[in-house]
Structure formats: C-alpha cells, structure tokens
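Going in written order, the chains are labelled A, B, C, D and E, and every chain counts its residues from 1.
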Amino acid sequence: MSNPYHNPKAQWAAYLVFFTVLACVPLMVENTFTVNLLARFLVLGMLALSVSLVWGYGGILSLGQGIAFGLAAYGMGMTMQMQAQDPENMPIPSFMLTNELTELPALWEPFWHAPTGIALALIVPTLFFAALGTIMFQARVAGVFVAIVTLAMLSAWYSMAFDMQPYTAGFNGISPPNPLQLGGYSVDPYSATAYWIALACLTALTLGLKALLHSKFGLIIQAVREDPERARFLGYSVAAYQVSVFTLSGFVAAVAGVLWVMIVQYVSPTALEVSFSVTMVIWAAVGGRMSLIGAIIGAFLVNGMQSFLGDELLYGFLLVLGGLFIVIVRFLPNGLAGLLESVLGRFGKRAASSDAGGPV
Amino acid sequence: MALLELKGVTKAYDQLKVVDNFDLKVHRGELRCLLGPNGAGKTTTIDLITGRQKITGGVISLEGSVITHWPEHMRVRAGLSRKFQVPAVFKGLTVRQNLEAAFTRHTNPVRNMFVFRDREARERVEEVALRVNLASRLGVRADFLSHGETQWLEIGMVLTQNPRILLMDEPTAGMTVQETHRTGEIFNTLKGTHTLLVVEHDMGFVRQIADRVTVMHMGRFLAEGTIEEIERNEDVKRVYLGGGKHHAHA
Amino acid sequence: MSVNHFWTAFAFEPFMNALLIGLSMASIWLIAALGLAIVYGTMGVINMAHGEFVMLGAYTTYLLQSAFGLPFLLCVPCAFLIVAAIGAIIEKLLIRHLYKRPLDTLLATWGLSLVLVQGVRLMVGPEPKNVASPAFLNASMQFWVFELSWFRVFIFGVTIAAFVVTWWLLQKTRVGLMVRAVTQNKEIAAAHGIDAGRVYTLTFAYGAGLAGLAGAMFGAIKNVFPDMGAGYIVEAFLVVVVGGVGSLAGSLVSALGLGEIYSVFAYFTNGTFAKFWLFLLVVIFLRFRPQGLFSEALARR
Amino acid sequence: MLTLEHVTSYYGNTPILQDVSFTLNEGDLLSVVGRNGVGKTTLARTIMGLTTRTTGAIRVRDVDVSTLPTHQRAASGIGYIPQGRGILPKFSVRENILLGTFARKDRAEQVPPNVLELFPYLADNLDKRAGTLSGGQAQQLAIARALATDPKLLILDEPTEGIQPNIVEQIQELVIRLNRELGLTVILVEQNVEFAKEAGTRFLIMDKGAIAAEGDIDALTDALIDRHLTI
Amino acid sequence: MKGSRRSFLKSSAALGTVAGASAIGGFPQLLIKDANAQSQPWVKKGGTIKVGVLFSLTGSLAVVETDSNQVVQFAIDKINKAGGIMGMKVEPVIIDAKSDIKVYSEKISQLILKDRVIATFGGYTSASRRAMAPIVMSRDHLLYYPTCYEGRECTQNIVNTGPLANQHSQDLIPFMVKNFGKKVYFVGSNYIWPKESNKNAKVWLEKAGGELLGEEYVELGGSDFTSIFNKIRQTKPDFIFSTVVGDSDIALHKQFKQEGFKVDKMPIAALTTGEIEIRAMGAEFGAGHFLSAPYFEALDTPTNKKFVDEYLSSKYGKGGVTHYNMEETYLSVYAFKAAFEKAAAKAGSVEAVTPRMLRDVTPGIRIEDDVSPEGLVWFDETCHLYMKPKIGQCGGDGQFKIVQAAKEHIAPDPFVIYPERGVCKFDGLHTKDGKILKSVL
C-alpha cells in the first residue's frame, strides 16, 4: 500500500534535493542572462507556490493573487526609484513632473528609507488580503464567487494603477535607473547573488509552508477545503482559517512582487493584469496544485516553454499552452504531481514488500 | 439541572411548522434516543440545537447558559458535537488526519500554526480509533472507506472532541447488520461517561442502546419513556404502522 | 468649462445625456452578459471563453461581409447561428465532461479562450478587421435634450429583442419548459423523459449564439481583432453575479444599474476612475448580498 | 412486466442495494415495505437510473434498461412519483403536468384530458404556482404528472408521507383505482403497513439493502411485520 | 508524519551549508561585472554584424509591430544585397515580444547578454521602452527606438528615429486653428505620450490664439467614447485634437460618425491615425480627418515611390500599405548602418566598435534624400532627428493628401516644456546648477 509519494521523509528529501540543485545552478551556468532568467522563474515559482497554498490546500480559487504581487512590486519599484533620487537636486521622480506634481506626494515619502519601503511593500498587500479575505469569508462567499470577486478587485486595482499617473506613472510604469542598493552593496539583477537571494526566499517560504502544512493549521485548512460545514461543527471558525490562508498566500505573492522588481528593475500595471493572475493558476494546475514543489515546477515548465520553445514555435505557443491546460484540467486534475503520485503508487504497490522507505 | 434543555422550540417555513413547540430535557450521562417517522422533525431539531438552521422560536440552553442564537462554532466550543445524517468526513484526508482535525484543544488559527506533534492528540486519536474499529485503517484516505467505516469515522470524530453532549443523527444509516451491532456496542461503552442524543430508525439498534426514548411526530412531542413503555404505546404504534386513518395527536 | 479639473460640474442637458448613455452601456453589457447568465443559471458553468464567443461573432460577421458580401443586417443572425453551432461542438467535446466541477470548468474555459484567440490569430491574422455598418445607422437624431445615435438605438433594440425572445423561449415554449425543468431539478426532469444532456448542449449553444450576436454588433462600433473578447468578460461577469444566478430579470436590472452608475461616475470624473469605483462597489455589494439581487440565498456554496 | 436480476446499486462507492432480484407481472401492485433507511427509495431510484451505478439487469418487458439513461427509461413506460413528490415549485400546475408529456410516445404536447378528469382540483387550478399547493394537492399533481407520461408501470415512493390525514385516504383510494381500474402495474413504496396490505397484490419487505421477504399479499403476516417493521 | 520535524531541521541545516558555500564563491558577483564581456569584440572580423529585432509578433501590439519587424528585415535584406556594411552581412536576431512587457525585459537581456548583438531595434509603446531601458543602460548598450515618443528623457543609450512630442503638433495646431476655428477639444489615450503631446500642443495652441475647451482621456484599449462625445457635444469645439492610439483610435473614428458628427464641421486632427489605422477602420470613417506625421505613403518623391514599390512587392509587403511608423523604423536601420561605418572608421577596426560608440558617433549623421523616404533628416547631439512634419488629410481611398509641409526642419527638444529641469545635451542633462545627469528617465 505504501506510496513513496506520501512518505514524509521522501518528501523532505525531494525538497532538499530540489533546492540543492537549484542552489548549484549559477555555479554551472556562465551566462548572466540565463542566471537572470532563472531568477525570474524562481519568482514566478513563488507565485505558483502562493496559488498552490490558497487554491490547492485552502480550496479558495483566487484569481487575484496579482493584487498582492502588483502592490508589492509597486512598493519595491517606489523604493528603488527613491534610491536613485537625490533629496537636493532631484527630489522627485521625473514622471511626476509630467503630471504637474511639484512635491513628492505623502504616499511616496516613506520610500526614501529603503528598509521601510520594502517593509511597506510586504505589509500593505498582506493587510489588504487580510481585509479582503475578512470581507469575503465572513459573508461565506465561496467557490466561483471568490474567483469573481477577486477578479473584480484585481481589475479595479489595474485601472487604478493606470489612472493614478502622478503616483504610478500609469501605463509606462516605473523603471528605476539603478539596481537595488542593499547595505552599501549594489544587487546586480544579473548576478548570481540576485539569484541566490530569490532562491533563499523561495526556499524559506516553501519549507516554511511545507512545515506549516504539517502543523495542525495545515491540517485544518485542508479540512476546511474538504468540508467547511463539518469543520465549523468541529468548533473551528471557518472564516478565520480561510482569512489566514488567504492572507498568507497574499504575503507569499507580495514577497514575489518585491523580488521581481529587484530582478527586472521595472514595474507597470501589467503586474495587475487579469491574464497574468490567471496564468499563475495555470502554472499551479499544470504542476499540481496539491503539491508545493509541483506548483513551482509547473511555473518553471510553462515559463521555460515560453522562453525556450516560444522562439521556435512563435505563433503556436498560446495554442499549445491553452490546449495543454485544457487537457490537464480534463484528465489530470492534480497536474503532473498527481501523475507522479499515481505512478509511484503503482510502483509502491509492486515494491511494497521489498522497500518500505521508498526511493529518494 | 438538565445538561441540554429545549423549551418551546419551533421552526417554521412560511406557514409550515417543521418543529412545533418542542420540549426536551437531556440529563448528564444519559443516552437518549429520538424517534419518529420520516418528516417528524428530528434532524431539524438537531440542526436547531447546533445552529445549522435559524430558529423561529423557543429557547435552547446548555448547562444553564442560553445558546439559542450563538454561531455554530461557538456552540461546539461550548460542548455540543454532532454527527450528520449523511456522514460528513473530510474525504481527501486520511483517517488519522480526520481524527486529529477533530481534536480541538485549540481552535485559534495562529496558535495552531505552531502545533506540530501533539502527544495528547496522538494518544486520543489512537484510543478513539481503537474504540471505533479503525485502528488498522489510520493511514487510509477517508474516501476509500466503506460506508459503515465512514460512519464510524464520523462517530470517532465526535468522540475525539470529548464534548459534553454528543448529537448523533442516524449513526447506523446504511450499515450492515453486523456493523450496526458493533456500533451499538460502541455506544454502550459510552454510557455513563458521556451524554448522547441519538436519532435513529433501526429499532434493533435502539433496543440495544437506549435508556430513554422520546418520540416525535409531525414536529411535536408524542411520547417519552423507556423502550418497553414506548413499544406498548398505542399512539406510537399508530403513527408507525397506521399512517393516517386514526391520528391521535392533539 | 475649466480644463484639468478632476470633477465635471453638473449641467442638466449633458447629465440627461449621461443617463441615456448609461442606458446604452447597460444594453451593451446586457447583450454581452445574457448568454453567460443563461449558461451559468442553467448549467452552473462559468464560461471564461464567453468573450471569445463574442470575438467569433465579430469575425463571422467580418468574414460573411468581406467574403460573401452579405449585408450587415443579415450577418447579425448568421453570426448567432454559426457561433451557436461552434458552442454546441465545444459543449460536446469539452464542457460536458466537467459538470459538477465548476472551478475546473472555469479554468478549462480559460484554456479554451487562449486556444480560440490564438487559433483565430493564426487563421485570420492579428491585424484588426473592419465591419461596415449600413449608412442609415451611421447617423444621429435630436430628441428633446437627447442626442440619439442610431447605431446605439439599434444595439439597444437588438438587446431588448434578444432579451424578450430569450424570455419568451424560456417561458412560453416547450424547449424553454425543458430548460427550466432541468435547471430546477435535473433528476425529476430526467425521470419525465427530458434528456438533460441535450438540454445542456442547446443551452450552451444558445448562450454562445447570443455572444455571437453581441459580437456582430460590437464589431461595427469598434474593431474586430483576436483579443477583443477580453474587454467584455469582467463586466459581463459582474452583471451576472450582481443580478443573481439564474435570474434573467436580475441581469436586466443589474446591467441597468451598473451601466447608469458607470455613466454617471464617468460624467463627473472619467472612465477609468468610474470603473474602479464600479468594481469596488460590486465587491462591497457582494459582501452583503452574495447571492445577487434577484436570487434566493442558496447560491453561496 | 418488470424483472430485476441480481441488482446491486451504489451511491458513490457505497452499495445501498445488494443483490436484489424479483419479478413483477402485468397488473400487479407490489407493496414495498420496510423501516426507514433500508433501501426502499433506493430500489425505486435504481429502477429509474438515478443512482450512481448499478450492476445486474433490469428488464422492462424483456428490454434491459439497466444501461439506459433515466430519460429513456421514462420513455420506455415507467412513471415515477418520487419521495417528497418532486414538484417543481416555480412551475405552474400546468407546466408540471406538461413535464410528463416529454416521455410520451405519441408526442402529444397538451395536458392529457384523462389526467384532468382524474383530478378535478388540478383541472380548475392549472395556472396556480405549484409551490403554493398543499401536500395532498402536490401529491395529486405528482401523480398526474407521472400519468401524463402515459406509463405502463408506475412507481410511487411513499405517496402518503407528510400529508394531512383526511387527504391520505383520497390518495390511497386513487392508488388502488389506478391499479384496479386503469390497469396500471404499480410499485408502491410505503411505510403505512395497513395501506400496503389493502392496496397490494404482492409484497416485498426490505431490510438492510436486501429483500427480507416477498410473496402474495396474503402472506404478509403479523409475524413478518413484527420482525421487520415495528418497534 | 513521523519524524517530520527532525528531518525538517536536518534538511534546513544542510541547505544552510550549501547556501553558505555557494555564497562564498558568489560574493565577487555582487559588483556589476562585465569585464570579460567587454574584452570580447561585439563584431568579429569576417563574421556578421548581429542586431536584435525585438517587436511583438503576437498579441495586441502585433498589429503595428509586425510591420516594424517586417520593415527592419526588408531594410537589412536591402543592405545585405548591396554588399552589407563594410563588406559584412547584417544578421538579425528576431524575437517575438508577445505584447508582454515582461517578455520585452527578458528578451532584451537575452539579446545583449546571450546573443551579444551590437544594437537592438525594438518597441512601439513607451511602456516597452521603459521596460527595456534599465537593462540597456546598465549594460551601456544601444536601443533604436523607432517611433514617436514624448521626450523628457535624456539617455546615452537610446537613439530615436520618430518625431518628438514637440515636433508633431507645431504646425498642425496653427493649421487647424486657421482653417476651422479657435476652439479645440483634446482627446487622448490615458498614458504618458498623449499627455505629454497635449502639453506641447497647448503651447502651440496658446501661440495660435486658440482656446482649449476640455481634455479627456480614455483607458488604453477602451472602446466606448459615448461619455466623451457627450461632453464634446456640449462644448461645441471647432475641431478635435486626438492622441488616441491603437484599437481605441479606430473606435473613436467609427463612433464619431455613428454619433452623427460631421467631418467637415468638426474634423479630428490626430498624431496617430495613419494609413494602417485607416485601413483597419474602413476609409469611410477616416475620410476628411487630418494627421500630422513626417511621412505619408502618398508622399510624392522618387525615393518614396521606390520605397513603396520595393517594399510592397517584397515578401515583407503583404500588409499592402506603408505608414509613418514603418518608415521611421526603416530609417533606424540606415541610421545604424551610417553609425557603424563612422564608428569603425574612427576606431580603426570593426572589432573595436562597441554599442556605446555607435551612439556617440550618431549625432550629425544625415540620412539623405535618396535614402530617406520622408526626405533629408539628421541627428542632433541627443540622438533625435531633425525632421519636417507634414499635414495630410485622409481621402475616400484611405490615402492622405498632403495639405501642408513644414518649410524648415524642426529641431527636436525633449525638454522643451521643462526648461527648469535643464537642457539635454550629448553627455547628459545639464541642470541649472551646473550638474550633468546621465540616464535620466
């Protein structure tokens, strides 16, 4: 009966191998472009991770993960932009001049101080998710309604980022001229350092969430996903758990937003686009929403395809992606991880007598 | 003082009264069976006690505190625990996880983020699993259980909670004869230490477990007494066998 | 009038016209949402590819017009029929395998929308196409303080007609009886000889057809291009959700309400800002009435 | 008329009906009795194809319908009155009856006149919303609707449940009439043993998803009743 | 779940070790390093000259950018057929940006770091330029941005071949005021280029004695102009000045007619509505409106006739039309050719040519009448073009009739409406207090 897929030791071992391999990548890749590209994938993987948490484990299909990502990205963009400003000579970013601002708006003031700016970039989206979650889950909004409410909220933020041009530079977005300065160092987005920073965050978040899912909390959010009413009649406040998991997923997406801008030095309303948020769900679904690593790998695969295969099959890519997605939803509801689970399950049955520990 | 007391409890949809001015007292340590033909309002009564449906009128109190309008999870925390008619377990989780989820010493989400391996929970889970014949099935996902096992699992979940009163809505529905008998044995071990309110149809089972029996009919109280008294009661016989012709209730 | 002021001052005539525009917006949103509402109400399927059916309708019109020289007014019903046929095929190949998995249909139809957009792009090309509308619709008339564009009136008329026909089909015909029976209780309907599968195919095809109809008209006020569908989908969803699942009247009222709110906001501020407030209001509204305007409180889970 | 051979029926993965076999002749009225939750309703639903999955054969006049979808079983001449009546409350009385006509062979699209003759109250209130009917009226409507399918076999699932006493009698008479006068073969799922005895020509006692006893109605003895039905 | 905690601790410890070890090796990379990259020549003797071509071939921007992509290839083919640049063939590395800002940012770095092109032609929207700019600047590389843009930037790594906001409307506004009346209503897409263009237009409007009645912006891709037309109807302007782009522009012109406005009473004077937009909306909706651009397909010069004929008959000309954006892109390739030749001559060898060097030699380069379809243009010290904008009126056939052409070349000035910020010069933005700021975005 024992399926190595479900063996906790094997799981932790797989996580260990996965992240170790990822950590070694920059030592093997000479090309700084590829390192940067992979760092981007790590961040996108983090988004898939947040989807996996909220949808796969929490059962909440949020199409608004981009809200946290986008808000955090703007926070980071503002921070890095202010690092390039000079209090005496260039006290405000030039795009504000275009929009008839002569003084730095109060909204931007905190971002003179980079640590405060980064902290705000993480805290504000997280709090927003807590608030939105409270509004939704206390009213027992569930299922597709959550999807549509988050979608509407995302669209609202998108038009806001567009329209509030004096504060956000609108469609053009904010492109800080210099890389992030941290403690006197300049974090070159094309260096292995940037990659490792992203990887460290991804590793910490993944292992943290993995541990969290092994905690009582992790058990209960899954219980809530399976049957909210049963959970309620066990004495749990279903709304409180849903808000918690929604907020956590918002935090993960916010971290991704901050890292993204560190790596690409650019933020625009496209971070808040509906299609981007839905694509995150696609990554998680392809890799397997019920597996943290699966979701991350899903993000790697889809984006890798887009980057490497995309150039070859210029015109067909979206067709392939859409088709792939339909096939996966139709036949593999748990994605590639689900496929692995059933393959290992069969293998495990055969090997049950000889090997109890399962392969690593 | 009764552990659980219902006074004048009423539930109406428009004009139709599903539960009509119903009174009930359950004392500590008692195993009470609630009987009645289909549509008598038994499940609705349980729903009203646990807060799943909104009450129209009347008062529900648990150990003296009035819980009539509390939210569901607060009632559970106050010591009410229920088993649903259609077994409600977490299908995607293993038996062990189901039982662990039911161990509700802490319900605060933030606090539970730091609960990893709770020895007390483990012991309780294993103890309960033994009790409901699932000790060998702890690692199995709940959706692979047989129907009877699923029922036991839910009974086990209710037991794990160690509530002041257990509300069991048709615990043996769909079980085989043997399974029903085992269930009766489980219930008999709970007598004295636990308080139970059991809704049941299976008379063999009721005979096996009941102390006192309350019979409902069309939302109202019909009779109460020991199993023998109820079996002799003409009104009860009529509503069960005779259907409409000579309805006796006032 | 001063320039660069965020707020526009109230003035009677333009405000009245803003109300009229709200009506026109409402008719556009309603025709875009109607098919979605029927499909969601009857089958519980959230069709994320609905906007792409709108796009297909526009392309059908363009192709019929440019390749066969069909007059615009004839293209509109043809767009309905052709997109309905495509909808029927899609229902049989994909949607019917995903009933009872509403979240998965949502995602699968999103995948479908990618395929449709890219498929059209590959076959017809990415450049925008142009649907010509008949000359008599390219005019406007004055009525009291109102300025009516004939084309807007035309859209309004078609929307009302589509709404009435839909209502009539549902309420007064045997097919409608079947659809309503399946919506209320699939088992009972089946036990009395109704083939629920066929009803679903029909419903989905009809919903797609309505989207195609909408597309035929939208093609004439703006442009026909592969991504055009994305521009309608969020608003259409909001109309359905605010109106209440399975309620035609609800969709009508909510389209009217949203259209007017948007237009009045847009009059006093600007379109982008109006949209932000509209979406925010909808989220707050759903907090208090998750089931929408016209629906009993059962659609929560 | 109707034959079940080794039928096992599941909800999800749970078998609710286990290895049930019986035969019903033309013109019979089979009373199915048993306590709550023993599978009587499941038996009715199994014949209609409303459970998740069944094994075994279900023959209606030698045609195996066990693989057919529900709507085709309805069209093959089975009329069904579900437990709780299954009236569509948002429909008018007329629309509810018309629902039955979808299973007719002759494709008639009108409310069948013979049905209206049977139910004068319904005939007078065709435009009333079905949700506002009383329990007894709703039961008449459910029967009228099933009759509109022009059935050969009628399955009634607890037709007297939850109905005021004075109406119960009318319903009971009606059921008997359908069988004796109109010649319909009937399966009557019933808790009221007295009525089951009065109406039935044959009986079937169910217990725990299986047949506990069956035979001509005369064989339904008090001993059997005591063992399987009473408290 | 047994032992999960223990193995968790173990695995995190192990990871820590790995991360620590790799960090030691990686620390030097904290500094921007490109030492080895610079030691390699960008162009090898006897090899090819690799250039990046980064436009969207799919997605919503593909409509315009596909043409840009085609015309770059057309120009490169033409140059290669004529013997290449200094005997070396130009090799385009063509990448699809998929209308996705993230892809622009990713692919520009691929072109620079992996493909090692010496310059990139790319972008059509300001947003894509802003997404590419940080990478181009931090690598001291070179981007040819071949379309109109708003100005207010002063960088040392971007060469622009489209008109600046100050060049476009200089003649158009006085022309319209003179012919139709003083009162004007501004309509634009809601982003920076229209807003900046309108600011410039206001300057010319004031000079011409015109009056601005209102200014409205529609969201990008927005297609409903009824609210805006409602406001326009109320204020009764003499003409509309439009900076609406893309799909919205088509909707604007269509709805203009459907709302019952008359083109002879209140025409639209646009900076955007060229031949390609007219074809997309149908000529009946465009007829009678005005456009200011440096280039029109109908321009009656031998060079343009040849350009149009050659392009439309080539395998790239399936679109069936040429337009200003395309011509500006075409010019950028010849600007690159001239710059490369100049730089190689200056450096003495092709291997010594760097992207930055190309930019540094660009000021002063002229593209003569016999090459440039729009006529002679030349670069100023900030790498913007001196050019002659022309005003065309659309006819019923979708072609423009040129009704006025500037007599003199108009100077580009990216900071003309921000004199307080300083003056953009060759080496950066000279502020009033004497500082020189580089890479001002």
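Just so it is clear, a residue touches a chain if its C-beta (ideal position, glycine included) is under 8 Å from a C-beta of that chain, and two chains touch if they have at least 3 such contacts.
Quantities reported herein were computed from a predicted structural model and do not represent experimental measurements.
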Fewest hops from chain C to chain D - one hop per pair of touching chains: 1
Chains most often in contact, by C-beta pairs: A-E
Furthest chain, CA centroid comparison against chain A: D
Identity of the chain that, by mean CA position, is farthest from chain B: E
Cα-centroid distance, chain A relative to chain C, in whole angstrom: 32
Averaged-CA centre spacing for the pair chain E and chain B, given as whole angstrom: 73
Centroid spacing, where centroids are CA-atom means, of chain A and chain D in whole angstrom: 56
Euclidean distance of C-alpha centroids - chain A vs chain B, Å: 43
Residues within chain D bordering two or more other chains: none
Junction residues of chain E - those touching two or more other chains: 1, 4, 57-58, 190, 219
Set of chain B residues in contact with two or more other chains: 116
Residues of chain B that touch chain A when the two form their complex: 50, 52, 72-73, 76-77, 81-82, 84, 88-93, 97-98, 100-102, 104, 106-110, 112-116, 118, 139, 157, 161
Complex contact set, residues of chain C against chain E: 1, 3-4, 8, 11, 13-14, 17-18, 21, 24-25, 28, 118, 121, 126-130, 132-133, 137-141, 147, 149-152, 220-223, 225, 227-228, 231, 263, 266-267, 270-272, 275
Residues of chain E touching chain C in the complex: 57-60, 62-63, 66, 190, 212-219, 221-224, 226-228, 230-231, 233-235, 247, 250-251, 254-255, 257-260, 276, 279-282, 284, 319
Contacting residues of chain D [partner chain B, same complex]: 13-16, 35-37, 158, 160-166, 168-169, 191-195, 208-209, 225, 229-231
For the chain E and chain A complex, residues of the former touching the latter: 1-4, 7-8, 10-12, 14-15, 18-19, 22-23, 25-27, 29-33, 57-58, 95-96, 98, 100-103, 105-106, 109-110, 112-114, 125-127, 130-131, 133-135, 137-138, 150, 152, 190-192, 195-196, 199, 219-220, 418, 421, 431, 433, 435, 437, 439-441
